[in-house]
Every structure is written in structure tokens, then in C-alpha cells.
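By written order: A, B, C, D and E. Residues from 1 in each chain.
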Amino acid sequence: MTVEGEILLEARSLRKEFGGLVAVDDVNIQIRERTLHSIIGPNGAGKTTLFNLLSGMMRPTRGQVYYRGRDITNLPPHRIAHLGIGRSFQITNIFPNLTVLENIRLAAQALGKDNFRLFRPAGSFRQYEEKAYAVVKRVGLQGREFDLALNLPHGDKRKLELGIMLAGEPQLLLLDEPTAGMSSEQVPALLEIIHSIMADGDKTIVLVEHRMDMVMSISDRITVMHQGQILAEGTPQEIARNQTVQSAYLGELYGDLAADLEDKDGQR
Amino acid sequence: MLGVVGYTSMGQTAFVRTTLSGLTLGALFFMVAAGLTLIFGLMDVLNFAHGAMFMLGAYLGWQFFTNPTFLFGLAPLILALLAPLFGWLFARLEIPEALQKSAPSLLGLAGVVVVFLAVRGLDILDLAKTAMVATMTAADPLAEATPQEALSIFWLRTAGMFIAGALLAMATSRPGDKTRTVHTDQVRRALIGAGVLLVFTIVATLFREAAPRAVLLWDANLRFFAALLVGALLGAGIGGAIEVTLIRPLYVRPIYQVIVTLGLAYVLREVIQLLWQPLAYQMSRPPLFSQPGKAENIFEWFRTNSVTVDVLGVTFPSYRLFIILLGVLMLVALALLMNYTRLGMIIRAGVQDRQMVEALGINVQRVFTLVFMLGAGLAALGGIGAAPFIPVQPNMGDAFQLQAFIVVVIGGMGSYGGAAIGALLLGLARAFGDYLALKYSLSPAIAEASTVIIMAIVLLVRPAGLFGRKE
Amino acid sequence: MGNDNILEVESIHTFIGQFHILEGVSLQVPRSSITVLLGRNGAGKTTTLKSILGLTPPRHGVVRFDGQEIQGKPAYEIAAMGIGYVPEHRAIFRNLSVAENLKIAERKKGDLDRKADFIFSLFPDLKRLYRLPGNHLSGGQQQMLAVARALVADNQLLLIDEPSEGLAPILIEQMMETIRNLSATTTVLLVEQNFIMASQLAENYYILDDGKTVHQGKMADLVQDKELIHRMLGTAVRSGGAG
Amino acid sequence: MATTKTETQNLSLKRESPLNRLRKEWAGVLILLLLAAFPFLFAWFSGTSVTDGPSRFWQGLMITFFIMAVYAMSYDLLIGYTGILSFGHAAFFGGGAYTMALWLTHAVPVISSRYRITLPGGANITEVVLFVAGILLVVLVVTLLGLLFSAASARVRGVYFAMISLAMAEALHILSKATDFVRWTGADEGLHGVPVPAWINPTQNRLLFYFVALAFALIMYLLVRRIVDSPAGRVFVAIRENESRVRMIGYNPVVFRSIAFVTAAVIAGLAGALFSLWNMSATPTMTGAIMTINALIMTILGGIGTLVGPILGAGLMQIVGQFFYQWFGPRWPLVFGLIFIALVIFLPYGVIGTWRQKRYAWKRAIQKMFGKG
Amino acid sequence: VQQVTPTAEPTQPPAPTQAPPPTQAPTKAPEPVQTEEPVVELGPVLKIGQIGQLSGALALYGLQQTRGFELGLEYASGGKTDEAGRYIIANRPVEVLVRDDEGNPEKAVQLARELIEKDGVEIIQGPSSSASAAALTTVALENKIILMVDPAASAFITGQYFNPYVFRTSRTNYDDVLVIAKYLVENVGSKFAHIGIDNAFGRGSGAALAYAVAQYGGEVIADIYAPLETTDFTPYIQQAMDSGADCLFLTWAGTGYVTLFQQLGDLGALDQMQVATGFGDNASFAAVYGAAVGQIGLNVYHYTAANTEINKWLTEKHLEKYNEPPDLFTAGGMASALALAAALEKTGGDASGDAMIPALEGLKFEGPKGTYYIRPEDHVCLQPMNILKLVDINPPLDDKGRPTYKFFETVYVTKYDELAVPCTLTGEYESRCGDLPRP
């Protein structure tokens, strides 16, 4: 298991209300460096909303977000991206009419210093293109570089979604259901990518996911959300055994998962 | 508040008259905007031909009111050409694979050629001109409602149009389209529809000479209200045709709708100028609003039908009060429609995902067409309602169209109530703006700019308009 | 034949554009049962549902609903005969409120009022969200809404496409429960990749591959046939969970 | 920002030798040569003088075409590349035209009657200096306009912005025809007989003006091509595709939209200024909605999201329009409109877009036929 | 002043965008003994570009202008044509190319350039709109080509927009008001309100009105301009009524005229004050002047008012060709043709601007209204103007069923040199005015 490091990201009594609805209810959460931290919880628990707050997409009603000790609560999303926080979306969010390569190249270019070069061809900035190729390879989209993104099968779109995020070389990755809509056959490939990211050694991942077997097998820590609040937090084993979690989220069908997990851990 | 200030600083007469003038303008704006709230506000179609529909309504209504010879003369031909409505009659036709690709264009071309042959030598222009000349008050319209062409020849034309219609129907039946099948029910319905159409065509052909004379013998007031109806119905019909042929293929490409409707506005304007010459006409007011003299109040007007009415001590044309009334009626009709039917909801859903709405058992396509027809019909109704008040000319709709867009945006897309308030706002702003600008020796252009400024302010404060739904 | 099958599909062929997607799919769905359609990604399951409904009308073959031939009718007529549809990826109307999303599915005036209690009892969440616009719902809430929408009108047949997608485990269970309850009154034709779910719900199964029905039978038998499962459905089966 | 080194680099993605480039761009170069030779070729074929009669007229037509092409191109930068539906483009064009015309009519005579600017050698360059100052003024004015538009676009989106932009242009239009300023702008009639400096005066030297316009179009084309191809240009396209995602990967779309607006405004404004020189006038038509609609039509007709498209669209509209007028008389817009509608329905991606698509299909068909060429 | 339709001649569509059909003219001209004349070698064809507004609000004026011009050529040539049916003036066959500027100055300029450059036109005649005329003056100067203005009436054309190539046979705003000002001040009152189109024509008229009534001790106390496309005149009328003027002078043209007049009636302005305006074209009478029977008004031309040989010829020809008598600006079109023809005869067919200027300056010629005189200083064309009394708005048809439009009793017709039209040149040309009256 990876070593737990410093606190990288921290939310302090973060709250988001939509009209009367409290989607995120005074959440305190700490993400430590170089961990894979999963957030699970029933639908509507507020996971995506929490991501939206952390990445600057939405402004919290109240509360703060700190990144490496710095208050980033009200920074616009592009500034937050520049700090090294990347995110992927639950609903695929790519540039449909651009090629795969261009999708990723744009993301690679975003954090460079050449965005405002108006009179030099983009192609002459080799560094971004090279980086883009590297990312394409990493997410396994070789051979499709020049396909338009909208023509990709769903699974590949999810990979591209990931690639766009990776190209920005974020330190902290917020992944919102990366397997959403993928068939089970495609999941292992994705797991592979996640593993390789963690293998870099300097990355931190926050993952939202409903596939329990996957969550249980790869997470260092798991936070369970329910109705906007944090219900429990702990290691996968702790969570799997947690009665509250079982009744609120996992249900009977997965009751035996805990036992399952014990073996798996051994193998890893 | 503003009213009080205006009242005291302007003096009663000026204030009342300017207010009434603003209300008339507001009503006119609303008449155009009413249809636009449906087409633009709900269906998201940036319809730049809406002003042209207004103009078309005015021409058709005016022509019907003063001398409908032209309209009746044309009716059989147009009816006969409607066959493509029943295109699916031919959907079961099996066509050799090799021909499938070229068949539609060949058939379509053949159809167009037959249309051309059928109307060749028929002086539609002349027909229009006789009818038009008769509209000059000096001449006797009855005298001009003359027969145009021997029935024996005219039959041939009608038949030709029918054949053309059938050819076009075949062309639009998408021969060889593998993604399509047709249920026996549909074919039966198409057959019935086509039969009804045939009967209508025959009737229209037989009565094309008698009908205009009969209409001209009606009481002029009756003729005026009939003209309102006819203008609106024809407008709706044309709107339907436009939706089916031009708009429907483009729901997936909204910008191109802009372009097509722009082109259409162009074409309609040119066609009008071709038929009625590039001139301007003034439609006379129906007798109901044109008896000499002044009524002391509305009630007296019911008796006298005089041309002006005294409103709060101000002389005001009775027809303009009628325009205000027409605007209010349109609002009421729209409110009833939108509140008591599910139209609005269906359209908003359909804009987003047509297939799903269909899967719920709703004929989306028909709803869209209906709504477009309704919008176009309202514009046409506005046009004919306005015709006795403003000159009937090819670009009469343009200024109103721009205002109507602004009205819809101010009110918030899809909100007819918002559109009404927007129209009122713009109308009053315009009238008072003009008044004040003149008073302070500024040009009225400055007042014209006020509408634009109002919109900018509204949108900057409320980006979705006054009553718009937030996205 | 006849009356015991509410839906009969006989060797339909469907094209999308130039692509021949279904090349002979046949199904029989007995009344008041749950029938599940299985198959790999891209096998043509969704297309089959759409063909039944007339959204992608079949070029050849027969679809019989309640004894009546319906192939070639426009989709809205077919749906109005009493078929409810829960599409994959939910397809709820994002710019309509939850209430409107339900209201629009009414076929008769007052449908919703009659069914409201029933629907809220199945999905209590929706009551709370009733006035929210559809795009404010979380992924799972949208899925519930999509199912609820199909229940508003009186449907004799429900076509449900992958209802478990993106649902939290506990909700998958609830969803199963719901569908089981529904089948008491309505017939359900279900497409489901989550084999655990499918196997626990359905009585009959059909397996599609490459646009053709390749296997059919009683679910009870299929569960025994591990080899077939593996061959036809790939790894889909094991990864349980929300897979 | 461009250094000398980058200037020599290729415009397309890969670095290539100049020779290679020429080979790739031979069609463009050929067209350019043809255009440059056009006045002489035309005169030669029609057997008329280069400076008179029909030659002169056709040069005029081509000048309008060049200017309109640039204008349409600037519009495409917004609608085609950045995905902003603006109905206020005439404000930039008209703004440029009016600025230039007002400057030349009202400021230049006064200034040059009071001051003289000479080179050390004694040559009088007042006129040139003032002319250049006029161009800078145009750039300044339309830049401000562009910023105004982009500020509005930061607040409202989609059709709402389309309407706001329409309204803003309309406001300018109203100003341009307001009687209050009749002494300066000529109100409804506009400014006519603008005193264009003799050395660039289109009536005195049409041929020279032809080349000025051609050079202008060429430079603008290369410029826009560069911009579109630059890192920033790529971001424009990304904004068109998915703005919220652009923000999430670390770009500030407001800034990039402003850049797009200002560039489009400056290019359109310069086109407008040249147009006012060419017509020696500035009229309310140039700020009116028709002007915007023309841009839209030219862009869509030729092909949205391409650079050659708008140019071609401008050509179709100017040149083909001229022929239509000759063939069909004053009702020619009827025919034009019908053809136009047919094109939009049947060539959904404009002339260029459709050609590109078909070209690909043809290529494949041929490959198939000859078993993988 | 205008309205509405090409009355009663369904067979003759007013689509005069091509040159007049060459085949029809010769048969109808007073057939000269062409064949017997000694064959003279004809000079090159002289192309005249005629720009008029053939669509939109002023469309009827364009029509009258083109018909008048053609008849003028016929008259001036004595009906002599070449084999293509072109009238021969100064030994040159004249071809007229008609274009529609839609009342848009920019379009007018474009068309003029095209005519000059592509078609080799040597003289421009027209247009209907003063705004277009103002714009065309620069084209005339650029190309050193004569611009013969008619019917555009703004005084600015021979005022601030003047250059030596600009001539006119149209009256100016000053003619309009000077002819009636005395009568109005003496009989109606001294306080005037003015509602005019917000363009060169209207503003020119406003300036002229102020000048003219001041001559007799009157005063314009409200000078109001409304855009040409105005549909609701309420605020303008309200303003005029508020001003307390005795007399409202209207300067309007085109279709909006009917609307304006109607609204004046509706809002009670006609009861409150006297309204004065030019009597407009024949077709609009019934619609516009219903309430004005018995009133006195000014008029530019009405065929019943002019008692000249040329007018008789014109009326006859016009009736014969178009089934109705000539209209408001038919005479103007004809006068333009006559003036040009006279000058061309003088120059021996040389149509170049520099040759024509001396020939036209100071030209005195007989036209349909009587004697016209082109002032050499500012090229203003002095001409007779009418004061008419409206007696009947529904005059009977003639024996052939054609309208007669006999609305008027002639009160007075001025001689060309009777009205002291001021010289309004400005800037570098101001000194040309010499001792002409100045505003």
C-alpha cells in the first residue's frame, strides 16, 4: 500500500445548497498526497457536487477548500486547473468535433506559456504535441489519434476523457465515475490506467465510483457520503464491514463483499 | 409613478394620447411577437421569415377584403399541388436498387417541370393585377371580378398540377429507404386524405369564378372579419408548408435555420413584388371603423361606428382601439392555449429529444408543425390586422420583426406573458421616447434606440429575460 | 399462440442508415412476465427495443402487439397502444421539471394524479425533487425518473433498457424490487448487462448476437449453463457489482 | 510576437522546405497570380483599355469582392471558429468605415491646413502620416467595440447574445442615421465624396486601388490563417466545441473570446475602412442589419469554419449576383434566394465543406475501384 | 406626395428596368418622313443612365419620371428614330438605361458607377430620392459627367452638395414654399409648424419654409422631422398640435403620406389647424384629400394647370400610350429630356460634362409647364409653379372610360422668374452666387 503523505486537499465545512436542497452538507474531508481516495455513496449523495466545488465549477454556499494549504475556495476553475488539479466528468465532456490528438493537445497546451501566441502556428510547438502523443499511448488510444472524438465508441470516449485530464499533468486527479457506461469488458483496461497513474508515485487520485469490486480493490481510503454528509471514512475493509454503510448504500447483494475482499488483498 | 410624472409634466391630452399610441404600438409588436414566442421562444427556431409572414398576411387579407378574385383563381392550382402531403402513399413502392438513388431527384425534377408546364401561359401576374387594380376605391371591384380562363383549359392546368403533385409525392416518399416501412393503416389514411383533397380541388375549380363575386356582395364588415380569418388561415397554411419542407430537415442544424429563413424572407418578398409589383398600398378601413364623425365614448361608437372616439378627452381613431383589442385577444388565446394544453411542455421536450417524446406516444412532428403554423398564422393575423393602419408593402414586416425579436428576448424565451409585457414596454417606450425626444429637440432616432437600450439593460440584469426560464 | 404472448417479434430486419443492424430477431414475450434480452455490447439489444417501438422501424418481419401487427406504424401510435419505454442513458428532459417530465407522459388527462401515489411509493426521492429541473438531478435520480415516467400512463408492456446503469448498489436492489412488483400488472421486456440482476428477475431470456437471436429459454436453465454464459456474454457475468 | 525565425516557418503543421510548401500551395499561388493578372487579362481578352470602361468596372467588382471576402472571413472567425453567433458584425465594418470617412472628411482637412509634417529632406508627408493615423484610429475604435461586444458575451449566451449583438449594432446604426449629427455624418444619406488622398484614390487610379485591395485581402487571409492555426486559434475552436470543458482544463474563455472578438473586429473594421475609401462614402447601410446578414450568408454559402469558404461565398455573392442581375433583372434576388435555399438544404456544409467531404468519399471510391490505390 | 397604384392600365406593367421596348416607339411617334430625308451618317449611340426609384415608397415617381423622359426624347427628336427605334438627338441615337435604386443612396452610387463604367453612359438622369441625388453629385464630379436631377427636390442638391456637373429640372423646396407662403401668411396665420421627412428633402423644405414665411412676417415655431418609415405619427402630430401653430406645413413623399394624412384627421389635427401641403399624384387623391375639398394648395405640375402646346402634346401622347393623363412628375422627366436635348444640339452632340456645362448654364427652354430657365450661378431651374383649388375628388371618367383626374380649378400659375429662389451654395462655391438673393 502506498505511503500516506501530507494533506494535499482539504475541505472545511463545505456546504452547497440548491434552493432549499442541501446537496453538500458541511463536509470536512482531507485528501492526503499520493493516495487513492474513493468517495462512494448512493445516487444524489452529493459526490458530483462535491467535485464541482473542489474543482471550482461551483461556488460553495459556505466553507473553504484548501490546496497545499492555500485557500482556493473562490478561484475560477481555470486558475484551479493551473494549480495542478484536474478532473474528469461523469457525463463525457470532450471536444466532439476535434480529433483525439487535438483534444489532448489542447489540454497539454493549456498550462504552457504559449496560449497567447497569435502569430505562430500551433504545430510548431512540438513539446505539446509530443506530450499529447504520450498521453494517447498511455490511455490506449493509439491508432485513433486522428479520429474525431465524436466517432469514438463510448468506452474510448471515457478513455479520452481521462486523457484530456492527464495531459494537464495534474498532481491531483478528481475522477467522477470513470467507468460510467462502460461495459464490464472494458473496465480492466481502465483499471490498468489508474494503476499506472498511481505508479508514477507523485499523483493523488480522488475517485467516485459505483462499481464496488473496483473501489474496494484499488482504494487506499474510502469516504462514504449520504445525503450530503459524510457517513463514514476508512480503509476499504473498514467500510465493507461498516453496518451503517451496508444498510445505506451497499445493501444485501454486497453483504458478502467484505469477506471477498480479505482474499483479494492478500493477492495484491 | 412614471405615469404620474408624465401626466403632470405633459398635460393630460398629450399624456393620454401618447399612452394610447404606445398601447397601439405595443399591440402591434405583440401581434408579431405572439407567433414568435412560439416559433423562436419555444421551438428555438430563429425565424427570420416571421416578418415576411406578417407581410404576407397583410397582402392576402387586403386582397381578400378588396377583391379576392386572385386568391380564388389560384386556389385550385395550389390545392392540386398538395399531394406530397400524402407521400407515404408511395412508400411501399419497390424500386430497382439501381434507381433508388436517382429516383427522388428525377421525380422531383419531373414534378417541377410539370408545374412549370401547367402554369405556363396562365397569366397569374395578370390575374393579380386585375384584382389589384380593382382594389382602387374608384373602380368597382365587382366589375373586375371577371372570369379568367375557360374552364376547359383551366381543367388541364389543374390536372397538370395534380400530376406534378403526385410526382413530387413519389419523390418525397423516399423510395428505397431501408429505415422505413409503412403500415397498412397509413396507406389507407393517405388514400382518404388524397381523396378529400381531390374533392376540394374540384370544388375550388368550379367555384373559382362565382366565389369572388359572392364574397364581394357580402357586407364589407363581414368581409373584413372574413379577411382576418382568411389571412390567418392562409398564413398558417403557408407556415405549415414552410415547416415541413424547409425547417424540419434542419432542426439538427439550427444556424442553418437562420439562413434558410433569411433566404425565405428574401424569396417571399420578391414573390410579393413579382405578383403585386414593388409598390405600397393602403387598405381602407372597414365601415365599422370609418363612419365620419367622432363618438363621445365607446358605447356611442357601437351605434355610430365613427372613425374616431373620444377617450378621456382625446380624439383617437377607433380602428386603433381595435388593434389594441386584437392584441389583447391574441394574448388571451395564447394564454388559454398554453395553459390548458400541454403544447409548451411537449415542444420544449421535443426540442431536446424528439425520439423520446415520440416514445411517449406523442406525435411530435405534428405538434411542431402545428405550432409553427400557429405562429405563422398569428403573424399573418397581425399583418392583416395592421394593414388598415400602416401601408401594405413588401418590407412592412421587417421593422416589426426586429422589434418582435427584442420583445421575445426581453420577455424571456417561451414566455408569452413576458412577451406581452415586453411588447407593452417597447410600445410605450417608443411612444413616450418619441414624444420626449421631439420635445427636447432630439431626433426620434434617439427614441428608437431606447428599445435597444431597454433590451440591453434587461438582459444584462437578467440574462434570461424578464420571465425566461434559466438554463 | 395468440393471446398468451403480448408481444411477438418475427424475424425482423432493421437498418440504420446503410447498416444492417438486426438480421432476424425473433422474440416472444408472455404476458405478465419478465423477459430479459442479453448480449454483448453492440449486439443489437437497444436496436431491438427501438424496432419494436417503431423508433427504428424494421424493414422486414412482423411485430405483433396484443395480436395486432404494428410494424410500420409511427412510433407515437405504437407507444400509445400501451407500451412504455425506459431508454438507455435515461433521456429525461433536462429543461423540464420533474413534475413536467412525468406530466408529459400522460396519455389521458389525470393519469398522473391517479398514479402519483404509486410512483412516490416506489421512488420517494422524486417527491422531494418534484419541482427541480431535470438537469439538476444526480445521475441515479435521473434513472429513477426515467422509470417513473414510463409508469405514468397505463402500459401493458414496459421496455426497459439497462436500468441498473450508474446506480448505487443499494438502488440496484430497489430497482429489482420495483421491476418485480411491476411485473405483477405489466409485462416487462428488460435489457440488462448486470447478469446478477437479470438472473434474479427474469423468467425467460433471449440472447442476441450480431443482430440475431441466438439462444432463448428459461432463465433457470441458463443459470446452470456456465459455459454458454461465458461464451455469449463474456466477462459481463462475473463482475457483478454494478457491472 | 512572431520572431523572424517563426516567420519563415510553415503555416501548416509540419515543418517543410519552402519548395515543398509551394508544391502544397500551388493552387493558392496560382489563384493569386491569376488575380494579380486579372486586370490585364480581362483588358486583353475584351480588347479594352486596362484603365477604362468594362475593365475598370470589373476591377471595381473585384475590389468589392476582396473587401467583402475579408469581411466574411472575419465573421467566420467568430461564428465558424469560436462558435459565437453574433448578429452585430456590421457594427465593426460600419464602425471602421465611419471612423475612416469622418476622419478624412472632418479632421484631416483641418489638421493639414494648420500643420505640415515634413521629412528631414523636406518632403511633405502630412497626408501619409494623417492617413496612417486614420488607420490607427480605426483600429482603436473597433478594438473598443470588440471589447464591448466581448464584455456582453461574457454575460449572455447563445441566441440571447445574438440578440444583444444585434441590438448593439442597431444602436450604432441608429446613431449613424440620426439627424442630430447630420452635420458630421450626413444622417440618412451618409457621407459622400469623402476626400480620399490622391495616391490611393480609387477614381483617380482604379488599377492601383485594385492591387491595394488585393494585397489587403491577401495579407488578411494570411493573418487570419496564422491566427486560426496558432495556439490561441486552437483554443477558439475548443471554445466552440465545449466551453465549460475549456475552462476546466485551464483556459480562461473570457480572455480568448475577447481575443477573438478584437481580432474579428479589427479585421472587419479595416475592411470597412477600405470599403469607405473605395466608395468614398460611409452610409447607414454599412452599419445596418443587412450588412451582418451578408456576412452570414457569405460565410454559410461558402462553408462555415473554413477560411476559403467565406472568400468563395463572397465571390459567389458579388460576382454571381452581378450576372444574376443581368440575366433576371431587378427580381434577381428571387432566383438567388431559391438557389440559396436549395444550397443550404442540399449542401449542408457550404460549398467548400461539402467539397471537402465529397472529395474524401470520391477518393475512397476511386481507391476501392482500383483496389487500394 | 404620393400613393398608391398604377391606376387602370393592367396591360402595361410598370417594369421599366430595360430600355423602352424599341419596337413600340416608332409606330406611335408622329411618323416623320424618315425615308425621304437625305441619309446622314448618324453619330455614335448616346447612352443616358436613368436612375429612379421603381420599388418602395417612391416607386410611382420613378415610373412617372421614366415615362416623362422618354416622351421628352420623342418630342425633342421630333419622333425621329434610328432603325433600332432609338430617338435621334443632335444626330446621335439615344439609348436610355433605367435602373432602380430603391431609394438607397449607396445603391444609387453603385448603379451610377456601373452605368458609367460598364455601359459607357455619358449622362445620368434622376433620381427620385433626394438622398440618392445628394450621393450622386459626387459620382458626377468624379467622372466629369452631367447629372440632370429630376424629380428629387431638395434644395441641398444645388446647395451644399453642388458641383458644376450637377444640374436639375426639378423644382427646389424653395419653389414649393415660396409659391404658397404669401397666401398662407396672409390668409391662415403667421405661426407655422412643419412636419417633414427626416432626410435631405424634408430638411431642405424645413429650411426653405423658415426662409419663405419670414419674408412675409411669419415664423416657424415647430420644425418636426419623422423618419421615412414612420408608421405611427402620433407623437409628431401631438407635438405640432401642442405648438399652437396656425398652420401645419407638410413635407412628405411616398406611401407614408396617406398614413400621415389619415392620422392627422384621426387625431383631430385637421380641425385644430390649417394643413398646407403640395397636391400630390393623381392616384392618391381619393385616399388623401377626402377632407380637403375647397382648399387651396401648391402643386408642382398638374396636366390641367399648364396651358402650353407641349403639355397638350404630352397629355395626348400619354393618354394614348398609358391610358391615363400624365402625372405629378411626368412633366419633370420630360423637362429633363428637353433640357438635355437642347444642350446637346448646342454642343453638336458632345455629351461630355465640360462641353455640356456652358451649354446648360443659362439655358432657357420651353417645357410642359412653360418656360424654364437654368440659372448659371447655382444651376437652379426656375420654372412655373401652380396654386390650385381642390374642387372635386371624384371626377368623372372620360368617354373612353379613362380617368380624367380633373380635381382642380387653377388659381394662379407663377412665371418662371417670379419666385425669388435664393442661392444656397456653400463653401468654395459660395462666391458663385453673385447678387442672387441669399437665405
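Here, contacts are C-beta pairs under 8 Å (C-beta built on N, C-alpha and C of every residue); 3 or more make two chains touch, one makes a residue touch a chain.
Source: prediction; values computed, not measured.
Please report the minimal path length, in steps, between chain B and chain C on the chain touch graph.
1
Central chain, going by Cα centroids?
Given all protein C-alpha atoms shown, the central chain works out to be B.
Once you count every C-beta pair in contact for both, which comes out on top, A-C or D-E?
By number of C-beta pairs in contact, A-C is the larger.
Could you work out how far the Cα centre of chain A sits from that of chain D, in whole Å?
45
Can you compute the centre-to-centre distance for chain B and chain D, using the mean CA position of each chain? Integer Å is fine.
Using C-alpha averages as centres, the distance is 36 Å.
Taking each chain's centre as its mean C-alpha position, how far apart are chain A and chain B in Å?
The computed centroid separation for chain A versus chain B comes out at 53 Å.
For chain A and chain E, let me know how many angstrom lie between their CA-based centres, rounded off.
Taking the mean C-alpha position of each chain, the two centres sit 79 Å apart.
Provide the list of chain E residues touching at least two other chains, using ranges where the numbers run on.
Only 15, 54-55, 100, 198, 225 qualify.
Can you list the chain A residues in contact with two or more other chains?
If we look for residues of chain A contacting two or more partner chains, we find none.
Quick check: what residues of chain B touch more than one other chain, meaning two or more?
Within chain B, residues 273, 278, 443, 445, 448 contact more than one other chain.
Let me know each pair of chains that touch one another.
Going through each pair of chains, those in contact are A-C, A-D, B-C, B-D, B-E, D-E.
So in the complex, the part of chain E that touches chain D is made up of which residues?
Chain E residues touching chain D: 15, 17-18, 54-55, 100, 104-106, 109, 113-114, 117-118, 120, 130-131, 134-135, 137-138, 141-143, 161, 198-200, 203, 225, 228.
In their complex, what parts of chain B are in touch with chain E?
11, 13-14, 17-18, 20-21, 24-25, 125-126, 129-130, 132-133, 135-139, 273, 277-282, 284, 294, 307-308, 315-317, 320, 389-391, 393-395, 399, 431, 434-435, 438-439, 443-445, 448
Which bits of chain A are touching chain D when the two form their complex?
Where chain A meets chain D, its residues are 55, 57, 76-78, 81-82, 86-87, 93-98, 102, 105-107, 109-111, 114-125, 164-165, 167-168.
Write out the stretch or stretches of chain C touching chain B in their complex.
Against chain B, the touching part of chain C is residues 14-18, 53, 55-59, 69-77, 79-80, 85, 87, 91, 93-96, 100-101, 103-107, 149, 153.
Residue numbers of chain D touching chain B in their complex, please.
My answer: residues 79, 85, 152, 155-157, 159-160, 162-164, 166-168, 170-171, 174-175, 177-180, 289, 293, 296-297, 300, 304, 330-331, 333-334, 336-338, 340-341, 344-345, 348.
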